[in-house]
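Before anything else, here is the set of structures, which you'll find just below.
Okay, so chain A shows up in both of these, paired with chain B first and chain C after.
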Partner chain A sequence: MLGRLVKKTKVLGWFGGKKRSGAGPGRKAEPSLSLSGVLEVDEARIRQAFGNSLDLVYRRIAIGKNGCIQALVVHISEMVNPQFVSNAIVERMVDKTENLTDPHTVYTHIRDRYVEVTDVTETHDIQRILEEITNGSTCIFVRGVNTAIVCQTQGFNQREVSQPSTESTIRGSKEGFVEALATNVSLIRRRIRNSNLRVEHYVLGAVSKTSVALVYIEGIANPGVIEEARQRLSRVKVDCIQESGQLEELIEDAPLSPFPTLLRTERPDRVTGNLLEGRFAIVTDGTPFVLIAPATFSMFLTAPEDYFERFFAGSVIRLLRYLAFLISLTLPALYIAITTFHQELLPTPLILSIAAQRDHIPFPAVVEAALMEMVFELLREAGIRLPVVLGQAVSIIGALVIGEAALRAGLVSAAMVVVVALTGVSSFATPIFSLAISVRLLRFPLMLLASALGLFGILVGLAVILTHLLALRSFGVPYLEPFAPFVGREQRDAVFRSPWWAMDERPGFVAERNGKRVPPGQMPKPPEREEGTEEVKP
Partner chain B sequence: MKQQERGRISAFQYMCILLVIRMTATTVAFPFMTGHESPTDAWIGALIGIGGSLVLLELMVRLSLYFPDMTVVQFSQALLGKFFGGIAALLLVGFWVFDAAVTARAMGSALVNAFMPETPVLVFIIVTVFFGANGARQGLEITARWSELATVGVLMTAIMLVLPFKAMSFQNLLPILPYGLSPHLKRAATMTSMFLRLSVLGMMIPYVRNKKDVLRYTRYTVIVSGIVLTAQSIALVAVFGSRAATSAVPTLQLVRQITIGEFFERIEIIPVSLWLLNSGVNIGAFIWASSLGLAQLFNLNRFEPLTYPIGGLAVLLGMVLFKNYVEQVRYLIGLQPILVPLVVLGVYLLLYAGFIFKRLWFPKRTNSGAPAALEADPDDTK
Partner chain C sequence: MIPNRWLVHMTACLVTITLVMTVTSGCWSRKEIEDLAFVMAMGVDRSPSGNIQMTAQFAKPGAMGGAQDQASQEKPFWVATTEGDTMFEAFRKLGYLSPKRPYLPHNDFYLFGEDIFREFGLKPFLDFIIRDTEPRLSARIGVVRSTSAKDFLQAEFEGMPLSSEALRGIMNHLMNAWGTIPDITIREFVDRMESEGIEPIAMGAELIPLAPDVEIEGDPTREQIKATATLGGAAVFKGDYLVGWLDGFETRGLNWILGKVKNTVVEFPHPGHEDKIVSVGILRATGKFKVEAEGNRVRASIEVNAVGNLGCVQEPVDLMKEPELWTKLEAGAQSTIEDEISRAVATLQRLGSDAVGFGQYIFRRNPRQWATLRERWDEIFPAIEVSTSVKVHLREMGVILKSTESR
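This part shows the complex of A and B:
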């Protein structure tokens, strides 16, 4: 029990070094009041500030010789670990101070000897005390002393670390982030046991005061990029941050772009890998989604498994994913263009079969495609929103509506159903969902262009999208980085994943200073043998 | 001096831009083959043209490298004075706009001829130029990255030319030199005029990060594109024999020969798409160069607002330059080999004259040839 608690407090203690809570924006510039030392006055102030909230606990105890000294313990009941507060603080305060009479001696003894908490500070600023209480600390006041002891006793209900639901893999860690920031940081810290791992603390949100941590590895990450991240984080002015997506919109490079320029992930191993490449992560309290930047396009089509399975398989599967990305972006548009303008592109038997199917369809190809895509998107959305127990019903209806019934009713052609299904399946193959969403949006303008100008229209649409992508940057790193600007060395980990012993360098744009990952010559070889013997040389 | 363009590119990207500009001009139409005598020997003319272009481009690059922080527009004014230098620079800028229009028109009419005969050519010109101007507006870096991607297209085209190997018969290349050398000189002039489109390098060199490599990469450009073109002309003759000279778009016909597994039959859509992208990038580079040139000439703060108007001008020119495809081909074969060298080489001849004159006049003043006042440029930040 105690060991767990100590661990927990240690996790929180990591923030101690670089706490920037004072610099947080949105903090009201009230004149800070000091404690009076009179318990009743101070308690009244705190009660006034919290306005008789239900969950505040004000515990008056009498300590010292024969209970001659009044003390007050304040905390929020569901934000602290109650066992811990009673065992390590209240009980010991009463037991150990039995021989003391002077309030100041009692105070210093409690602060320095009796309280069994690792992170103990003191303050006389009421504003700071209020903040600490809302954070889940326990504050101890002693009558006649005008400072208070602040003990870090956070302990609230949180979800167990479980498998990430949005990014599952066959091989690799099964741990996913949870909602609690401290646990998430510990998940990263456990994978990189190095003192150079930096965790900087920010408090964002004028009302919500959400904790946000900037995580990077000193000596690998580019200091300029980290400084830029600090700047952008401290520029954020909102009242509340519920999810990292909110934060993403406030610090990203291209706020109007349909493409995400920060990667969000639920997987600690992905974060670890990217930290080691010189990127940084932003962990937000209250959400399992951690942001990673600078993000490049190829990162969105990378799954952690690529690095864990054999590199041949990893490369081929990654190539498949790029193909799936293209299919999900262009296939409906290609169908429209080919059936409307360029029938000659397909082999004659195939186009005849498609033409025969489309013969009795009342709509032009573009309407047919738009209709089916809309139905598919609807089904997909409904499938997510429905309670799990009803999910099956949707899939049955969906299969019937999209598949058989629409065909039989002569609304769509069978080829169209195949196209829609293939598009849907391909869009699920994108490992990071935020990219899949932007592809979903861009598919429709491409379909319109295809219906107006055929393949030429698709090409121009793609060219405009590509121009936009080429102009995008994420924290100074070009978005299409290993491809354009073309970096030959980094092709080892772009579309193809070369074996680990060949990837001895970090991406140059991100880790400028510390580019070497491992010394070269890591390729394993069997030990040399002497001529004619089977013995292995020592 | 105002800093209108803030992007910096690598020498490799510089080479990619040049390659794309060079290759687009001859991919669809093949002007140094069509309409000439002795088509079977096209590769000889190509080789002569490459030799000449190597020398001319080397001279152009070397002059630019004397003024490492100035574009051709800026140093022409430094060498020839405000007025004459301005006129020389305007000539170059005008040539780039003109050439962007020619490229757009050539691409548009190739698409109309090959795929969509009912669509007016204006649609293709507008869309291609819009795509180019959109890229140019984002600055040189974007154009450079685009051309890196488009270079893949160039290489794929080169590979695709080998695919119809079953139809090739190298007997078609014989006899060699049946008409003597004179038709080849004409052809070499056509080839050289195509290489002189690379005069935009005068605008790009100040923005290349590693100037030491510029000369080397310029030579690579000429040699790589020369090799591809020579291979292309050999492949064309090997497949079509002397019929190659009569076709308007011989390369497209060559690609039409390709079938993959008797299933994918009309795969010319792939190279044509790549060419379309290439010409967009090419037009983008020209529009970028001319709008930046104009902005520097008239000392404007930004060049970006000029890109779309110049694109509009290119569309207009592209529409009115040629009445029909025949006129366009006639321009490419007959007029271009005279007009382009006249403009580009004329301007550079003037520049060199000014350069030598300045060197003789102020031999001790600087060791780089630039007037001392220009060397102490406050914006000279690397």
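This part shows the complex of A and C:
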């Protein structure tokens, strides 16, 4: 039965009335059963649909004068706020209806006056009732009435809003997304208190019915891009969405590219910043990772802090990150190429020092490098998988085994350890992990090329990577924008971060319609003195 | 899904190309760093049998002492000598002696023993250096005076055990703080050799065979230094043949004319006390010359401007009380510089080698006139009348106002 449910349906969410105004694929009209008004029949239908699941609560209560009217309250025990259901619904249903005898009057009174819930609707469609119950609503049935009252009473255990663990900053908001969609959307909405913020709701996953929200700002985001996003979301046909990474693979532009074309983040401030540049965000229920698109390369090397620290510091640190990106991509390859092909490139004292270190190493440079990189990746992976309490043990073993023992045993040279360590540290400097991963992967073919062809091989490898990057697009926006195609105005926020008073425009490729961000001339200046007035001395 | 298929094809193609490229090329021209013997200095002599005798000084990286080890007792270089008909052959023959592949790009010095010029010009040697891919044209060229280059490369230095590094240290110091050696690389040497109206020069190098007077203590395993070496002066060429030498101060005279003196010490008699010496530290100097030719009569005028500070006096001076002394001191320095210049020019004229480039000056400005002078330049050059104008400006007298005086 669940399998036959409509795949892309706008269902009632938790966002108040507004969300229903958002466009989206219309609900397909399917013939479905209606309520009979006979409590036993309807309960049996619901029980049949849920198959006597443990966590369903069917509460029969007698209301009205002397309890003459039978009513049924149905919800899932751990999806609702139990306190709320008992206080605001059951208690009041019993207390307030003591003088009434007519089931229909009782029903309308409950619906319109007694239930203390803001979002109350009614329906006679059993299908819809089932959906609502799985979403955490409470349904009220009254004997003799063939519609049910649906109260939004979601309340389940969720993680507190806490610091994002994968993207930490020194300055800036300490809030990170959590697993609950509603909370995440509220984190965004709290930062953009504007009626133009649109939250469109999608239910993806034929079995899981995961809520997914498409968030953008009407009037800033490019409508064409938003339409494309809607199309792609509605094309998703899977049974379950567990994490936004799954969704990412289903809607990205270049599914075979090692580079991510959607940016994932745990930080609400990054999402708001990008929404204001005209991008959109996809919030997935069940994961704190929110997707942002259209994503360009420079976004992956940007940290929110760049915008909060003074712009000199922000620019220099960002430049450093670009350097770290290059180092983590090419340094082992360069080391291999230079020590096996181009010994003339290094200053004499340095080459002699490296030669001295490599004197007793049994492996060629490429084997040594691959070995060390592999050990490093192993340690990193082990460090992530291990229970936190054991993490220290790994780092101690790592430091001892690699740093000391391998060196002493003459298996690797000290220069190689430095190269690997520098590469590792550099790869940690990439703020978005998904880019760091692709760089980690691309490092190895580059090392192979370097070991066979030297610098020429590295150039060939880099040319291939660059060509690929040039061909990449994310929702129609060139991936390397604003470097290629070169957009002069946007260099203000690419490698360098200009001061806020100089960044008065939104990126042109993304926000086509509403390009002006703020009026120009925001640079702080001493007040102009009027003619003849005395300067006021403090 | 046409783009996907295209992407798959592209990826497959790229992977195949990459594999073919890496596997079939067989790591061509790959050389592991530990299999290389870095030549740090190269000497060329004439062997007793009349062949080329090549001496290479190899670095021993293992003996240089890495960060963790203490300085090794071992000598950080070793020297190998081969013989051959050509440089190329002799260089390849180093492979008979060196277990690692001799590697030239890090070589900084090409030193020629004075002996070879009895029989050879420099051209056959230079041909290898400029034709082969490994030697660097930025290496320095020098001529070892009176001893063989082989002996020179065996010399040891204190402080910098690797002798080529030590030589480079001395060379840099002499260039930057004295100006008594020519600043010349292989490239410039060949340029001068090939150009009209200018002759090449090379660094002078000399073995000092005496053991130093001081007893070397605290290092019982190391043998006492037998010989050390130094640089100084210039070897003067005509074409590719050695014709004579300029001593250190004559070389500085040449460097004054060419504007290549950076920082140096100039001494002259104390004004008023002829037996006492004043020395002046020159901070910077410019030099230029002009050559005018009328028929066979060629005149050159040289102009040198130098700025310096008072370095040291042997007789007290009080420049606050006697400001006119400034001019006298400046005049003293000027006369020393003038003397060096005229000695340099005189020696070059005696040797018949136009190392200053007077001829080049004419050639560049008046090629037609040069064409008429060119054939007779050997006769004209020694007769060139040279007028020198030197201006020294002394700026400071150090951090004391007047000399110490005993009461």
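Just so we're on the same page, the second predicted complex is superposed on the first by the 498 of 538 C-alpha atoms of A that agree within 3 Å, B and C clash if a C-alpha of one lies under 4 Å from a C-alpha of the other, contacts with A are read in each partner's own complex, and residues count from 1 in each chain.
In this section, a contact is a pair of C-beta atoms (placed from the backbone, for glycine too) under 8 Å apart; a residue touches a chain by one contact, two chains touch by 3 or more.
Keep in mind that this is a model prediction, so the values were computed, not measured.
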Combined model on chain A: chain C and chain B, fit or clash: fit
First, second, both or neither for A:I361, with chain B first and chain C second: second
Contacts of A:I351 with chain B and chain C, given as first, second, both or neither: second
Which of chain B and chain C A:R191 touches, first, second, both or neither: neither
Contacts of A:L459 with chain B and chain C, given as first, second, both or neither: first
First (chain B), second (chain C), both or neither touched by A:P485: first
First (chain B), second (chain C), both or neither touched by A:P445: second
Of chain C and chain B, partner touching more chain A residues: C
Partner chain in contact with A:A254 - chain B first, chain C second, else both or neither: second
Inter-chain angle, chain B to chain C through the CA centre of chain A, in degrees rounded to a multiple of 10: 40
Contacts of A:Q343 with chain B and chain C, given as first, second, both or neither: second
Smallest separation in angstrom, by C-alpha atoms, between chain B and chain C in the superposition: 5
Overlap of chain C and chain B interfaces on chain A (superposed complexes): 341, 344, 453-454, 460, 464
Footprint of chain A on chain B - complex, ascending: 10, 12-13, 16, 111, 115-116, 119, 123-124, 127-128, 131, 134-135, 138, 142, 144-146, 148-149, 263-266, 269, 273, 276-277, 280
Sites on chain C touched by chain A in the complex: 4, 7-8, 11, 14, 18, 21-23, 25, 27-34, 36, 38, 40, 59, 61-62, 64, 66-68, 103, 105-106, 108, 134, 136, 165
Chain A residues within the chain C interface of the complex: 254-256, 339-341, 343-344, 348-349, 351-359, 361, 364-365, 414, 445, 448-449, 451-454, 457, 460, 464
Chain B partner contacts - residues on chain A that touch it in the complex: 341-342, 344-345, 347, 453-456, 459-460, 463-464, 466-467, 470-471, 478, 480, 483-486
